[in-house]
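What follows is chain A paired twice: with chain B in the first complex and chain C in the second.
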Partner chain A sequence: MTNIPAPPDFEAEAHQTAARKNRLLASPAVLIVALFGIVPLLIVLVYSFLAPAPYGGVLWKFSTDAYLNFLFQRDIFSDALEFSPAFLLIYFRSFVFAVVTTVVCLGLGFPTAYFMATRPPAQRNWWVLLITIPFWSNLLVRTLAIMFIIRDEGLINITLMSLHIIDKPITLLYTNFAIVLGLLYSFLPFMVLPLYASLEKLDFRLVEAAYDLYATRRQVLWRIIIPMSMPGIVAGSLLVFIPTLGAYVTPLILGGGTHLMIGDLIAQQFGSGRNWPLGSSQALILMAAVLVALFFYVRATTRGTKNG
Partner chain B sequence: MRDEPDTSAIAIRQVSKVFGTGEDRVTALAEVEIDIRANEFFTLLGPSGCGKTTLLRLIAGFDYPTTGEIRLYGEDIARLPPYKRPINTVFQNYALFPHMTVGQNIGFGLEMLGRPKAETAARVDTMLKLVRMEELKNRKTSQISGGQQQRVALARALAPQPKVLLLDEPLSALDYKLRKEMQLELKRLQHETGITFIFVTHDQEEALTMSDRIAVMSKGHVLQIGSAHEIYDKPSERFVANFIGETNFLEGEVLAVDGASASVRLGAGATVSAGVPDGFAPKGRATVVIRPEHAEVVAPSGAEAFAGTVSNVVYFGTDTHYYVTLDGGEEFMVRRQNSRGAQVFDTGARVGVRVDDGAARVLRD
Partner chain C sequence: MAKTRAPLDTKEQPGFRGVALFCLFVLYAPILILMIFSFNSGSIVTHWEGVSLHWYGTAIANDDFHSAAKNTMIIAITATIVSTVTATLAAIGMTRVKPWKGLMTAFMVINLPLMVPEIVTAIATLSFFALVAGKLGINLGIGNLIIAHSVFCIPFAYMPIRARLEDMDLTLEQAAADLYATPWHAFRRVTLPLLVPGILSGMALAFIVSFDDFTITQLVAGPGQTTLPLYIWNQIRRPMTPEINAISTILLMVSIIVVAISFLIARKRR
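Coming up: the complex of A and B.
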C-alpha cells in the first residue's frame, strides 16, 4: 500500500470561514445581551448579598438576610428566626397559576393551531394575522378592557342579569379566576404561533399512513401528530409558562393587589417595601426555580422523541 | 369478461370520482370497472393525471368514490375508513414515521390492531428477515438509505398481513440499478406472501416486466385490461399502442371482418389480414398497428407487403432501426436484431418490408 497524502479538504475550510463570518453577524445581539442582560443580573446578584438602606438602595455590607427572609422572619423582640411561609405561598400560587395557564393555553391553542395548519396555504397567513391582532394594542389597555367586561357592572353580569339568569352580580373581578383569565388571554398567541409553525410543517402523508395501518383518529393524534409537533409544544409551553410566572401587570390589575404573584412581590420590594436586597434575592430564587423546572420539563418532553 | 364477484380480491364496479363543483368540476375517474383476482400482481398503468393514483386512494380509503362500489371479496368497502380495511399501502415517498425506529415502524400496524406484544415482536423480526434488514431494527428511519427505507415501507405494509397490498409508484424515487433490484424483490415478496398486489406506475417497462395483468388508464378511463403480452401484442386502442412501446400506425379501409380477423386495404397499397379487438364493429376506415420488431426489411422482390426507400438508419448496438418511407408516403419503422450475416441497407436504398403473420392489429377507434 502506498501512502497517498490526503487531498486538502477545501469544503471543511470553506465551512470554517463561513462559521467565522456567522459569528460576526451574531455579535451585535450577543453584545446587547451581555450588556443589558448579564451585567444587570450580576448587579442583582451582588445586591442580594447586601443590606437594605432605609430609603431604598443598598448598604455595602455583606449579608445573607435577604435569603433567610425568604423562608424565615426575625422576631421583632427576641431576634429569633421563625419559619414564615408567606413568600413561599406566593411562589407556590404563581407556579400553580402559570401551570394552569400553560395547560389551558395548550388545550385551547392546539386545536386552533391544527385548524390553521390544515387551511389551504393561501388562507393560513390570514389566520396568523388574526392571531397577532391583540399585539396591535397595549397589554395594559387590553387588561383594563377585560376588567370592564368582568366587573360587577360589566358586560357579563349586566347581560346575565338582564336575561334574568342571575339576580345579583357574580364576583369575577379580583379573583384567581380573573387573574388566570387575564394571563390566558395575554399569552394564548404565544402558544398558538409555535404550535402552528410545528403543525404546518407536519407531513400529513404520515397521518394517512397511520390511518392505513389501522390507527383510529385518537391513536393518530397521540401517536403521530402530538409526538411530531413536540418542538412546538415545548416552545409554546416555555413561551407561556416563563412570562406567566413573572407576570406583573395582569395580576396587579385583575387581582386587585389581593392575590399577589411573584412579579408583584418583587416589584413591591423595590418600591414601597424599600428592601432592594430582598427583591434581588426573590428575583434570583425565581430564576433558579424556573431553570430547575425547565430542566425537568425539557428532559421529560424530549425523551420520547430522542430514544423512541 | 367479468369474474364472479366472490372470486375477485377487489372488484371495482362503476366507480366514478368527481372533484370540485360547478365550473371547477374535474372527473378523475369515469365509471371504472376492474376485477382484480386473488394473489395477482395487478398494475394500474398510465401517464400522470390518468386517475390511477385516485383509484388507489379510493381502494385504500383515503377518499370515497362519488358513485360506484369497491368490493373486497364481495363486501362493499367503498365507504369504510382506511383503518377498517384489511388493505395496506406502500407510499410513493414511503411515509415512514421519523420519530420511531425501523422496528417500531414495522410493528405499528399490529400494535394498532391490538395484537399481543410478543406476537408483534415476533412478526417484526419475521418481516425484517423477509426484507433482509435484520441488523437495522433499532435504527432511526432517517439513518438508513433510500433503498432501505423502501424495504422498511414494504415490511411495514406487509406486517399486518393485509388481504391486498397497494403500491403507489414505490420505485420512482430510486436510481436505475436499485429500481431493477427492487422490481425482482417485489416479485419475490409477492410470490412468498401470496398477497394480492396492486401496483401503480407510469413506467411501461416496469409494468410489463412485473405484472400478471395490467390496466392501461387515460383521462379517468380504463382503456384495456390484460396480460403484458396482450397489452403489448394486441393493443385495442390508439392510446395503448402508443403509450406502450413503439409502433407503426397505418391508415386503411376495412374490406371484410371474419371472426377475430379483418382484411384491411392500407393506404400504403397492400391488403393485410389484421386481428381485431373484442366487439369490433367494421366501419369503413380504420387504423392498423404493426410493431417495429414484427416486420423485416428485405431486398425488394414484389412479394412483400410494402415497398419503399430507406430514409434513415440508426444503429443501437444490439439492434438497428430502419426508417422506411413507404411508396404511399407513410413512415414505417423496423427494428432488426444485429445478428451476423444480416443484410445491411443504406439510406436511399430501395427495399421491401415484410410483415410477420398475425402482427397487424386493427384499433377500436
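Coming up: the complex of A and C.
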C-alpha cells in the first residue's frame, strides 16, 4: 500500500514531519474511489468471463462466450459459431457518431473560443459564464429540449407547416440525424471551454509578428494560432469524443430504442437482455477504446511539450 | 488601393463572431423554448394558449414529485459533504507534500471516475451492489446511491480545490511558519481562509453533478428510490403535458443558480 506512514525522522524539522503526515490526508478519498470505483470495475472484468444467470446476474462458471458473442452467434441447432456483425455495427456506428460530433464541435467551437478569448476581459467573463451554464445543466433536460423541437408536432415542423413549405411533418426524431444533433448540442460546451483556456493564453505578439512579415489572416490562423492552441484542441476533442462514444442518454431519448449506440447496448444487457457477462464484456471493449484515445492524448501532449 | 484602410485589428478573424453568436443561439434556444412552454396554460406541450403558472402548481402538488425531490436532496447533500471533505483533505495531502512515489497513483485513482464512461461506472456499480447484496446480504437502500454519487463527485470537488492550492502563494504559509505558527495554526489561519473559494466551487460542482445525475442513478436505484431526473424520465414515457416543462425548468434553474453563485464567488475573491 502507498499509505504506510514513513518511519519517524527525529532530525527533520517539525515542518517536514507535518508535510509527510499530510500524505495520509489523501487516503479517505483514495480509499473511497478504490473500493467503490475500482473494485466494481474488477468485478465487471470477472463477470465478463462468467455465464449469464437466467434472470439477470451471473453463474460462477468460466466462459468466454461473452467475448465470442461480440462477433459470433451460436447456431441454436448445430451449436456452430456463425459470424454476426450486429454488435460490431453498433460499435462502428458509435465510432462514426463520435468522430462526426467531435469534428463539428471543433469546427463550431474553435471560432467561438477564439472570439471569446479576443474580447475585453469584462466581456470574456460573461461569455465564459454563458458557456459554463449549459456545460453544467442537466443533460436529460437539455436532450428533452431538443426532442420538443424536432418531434413531429415540434416547433420546427409546426413552423414549416404553417409557412406551407411542407404539408406533412418531416420525421426528424428517432433518426441518426436526431442523435448526432443531440450529441452536438450536449457536448459543444465541452469543446469550447478547454479551447478557450488554451486560446486565452495565446501570445498575440506572435500574431502581430506574423502580420509584420506580410502573413495573410488565413496564414496567421493556420500557421500560428491553430498550431499554438493544439493542447486545447486535443483536450477538447477528447472531452467530446470519450463521452460521445459511450453516450447513453442521447440515443436513449432521441434514438427511440431503434438506433442504438454502445451505451444503450451495455445498459440493455443489464436490463431486459438479462445477460450481464455480455454487457460486462461490451463495457470492457468500450473501456479499451477509451484507453486507446487516452493513449493518443498522452502521446500528443507529451510530444507537444517536447517540441515547445 | 485608393481607399484608406482602417487600422488592422490583428486579433480579428473573419466570420468568427457569427459562429460564436450562432453557438450561443444553438445552446440557448432549445432550453429557452422549453422554459417558455412551461408557462403555457393549455395542455398540449407545443401549442401555445396563454400564460399561466398552472403546470407549476400541478407539478408541485404531486406527491411523487415531493418524494423525488426529497430523495434528490438527501443524496445530493450527503454526497456533496462526503466528496468535498475527502477531496479537500486529498488536495492538501497531495499539494503540500514532497513528491513521493504513490502521488501519481493517488492522483490517477481520484480522477478515475472522469476517465471511465458514465455507463461503464453505472453497470460496474450495479454489479458491485448486486454482489454485495447477494453474497453478504447487505443492502444500504438509498445509501447505495449516496455511495455511488460520492465516488463520482470526488474528482469534481477535487479539481477546483487543488487548482486553488496550486495557485496559492506559498510564501504566506512560510511566513506564518517563520513567525512560529504551528503547522496546524498556519493551516487554520492562513491556508484554509485562502482555500475557501476553491472549496465552495468544489462543493457547487459536486452538488450539481449529483443533483443532475441520471445514468448512474437509473441503473443503481432500487424500487422507490426515484430522484428528480428519474422522475422526469418516467414522465417522458407517458403522454406529455407542460408539467414536464415546469419540472425541467425547475431543474435547470437550480443548475443555473448554483453555477452563477460559484462563478461570482470565484470572481470576487480573485
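FYI, the second predicted complex is superposed on the first by the 255 of 308 C-alpha atoms of A that agree within 3 Å, B and C clash if a C-alpha of one lies under 4 Å from a C-alpha of the other, contacts with A are read in each partner's own complex, and residues count from 1 in each chain.
We take it that contacts are C-beta pairs under 8 Å (C-beta built on N, C-alpha and C of every residue); 3 or more make two chains touch, one makes a residue touch a chain.
Being a predicted model, the structure only gives us computed values, none of them experimental.
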Report task. Could you say whether A:137 touches chain B, chain C, both of them, or neither, answering first, second, both or neither? Result -> second
Query raised in the report: Touching A:28, do we find chain B (first), chain C (second), both, or neither?
Result: second
Requested in this report: Of the two partners chain B and chain C, indicate the one touching more residues belonging to chain A.
Outcome: C
Query raised in the report: So, does A:211 touch the first partner chain B, the second partner chain C, both, or neither?
Result: both
Query raised in the report: Looking at the overlay, what does A:227 touch: chain B (first), chain C (second), both, or neither?
Result: first
Report task. State whether A:219 touches chain B only (first), chain C only (second), both chains, or neither. Result -> first
Report task. Would you check which partner chain A:129 touches, where first means chain B only, second means chain C only, and both and neither mean what they say? Result -> second
Report task. Give one of first, second, both or neither to describe whether A:203 is in contact with chain B, with chain C, with both, or with none. Result -> first
Query - Set intersection of chain A contacts, chain C complex versus chain B complex - result: 208, 211
**Report entry** Of chain B, residues touching chain A in the complex
**Finding:** 60-62, 81-83, 87-89, 91, 93, 95-101, 104, 108-109, 112-113, 140, 156-157, 160
Requested in this report: Would you tell me which residues of chain A are touching chain C in their complex?
Outcome: 2-3, 14-16, 18-20, 22-30, 32-34, 36-41, 43-44, 47, 57, 108-109, 111-112, 114-116, 118, 125, 127-134, 136-142, 144-146, 148-149, 151, 153-155, 158, 185, 188-189, 192, 204, 207-208, 211, 217, 221, 225, 242-243, 245-246, 248-249, 253, 262-263, 266-267, 270, 276, 279-280, 283, 286-287, 290, 294
Requested in this report: Within their complex, state which residues of chain A touch chain B.
Outcome: 203, 205-206, 208-216, 219, 223-224, 227-228, 304-305, 308
Report summary line: Note: in the complex, chain C contacts chain A through residues 8, 10-17, 19-20, 22-24, 26-28, 30-31, 33-34, 37, 44-47, 82, 85-87, 89-90, 92-94, 96-98, 100-102, 105-106, 109-110, 112-113, 115-128, 130-131, 134, 147-148, 150-151, 154, 158, 177, 182-183, 205, 208, 212, 214-215, 219, 229, 232-233, 236, 244-245, 248, 251-252, 255-256, 258-260, 263, 267
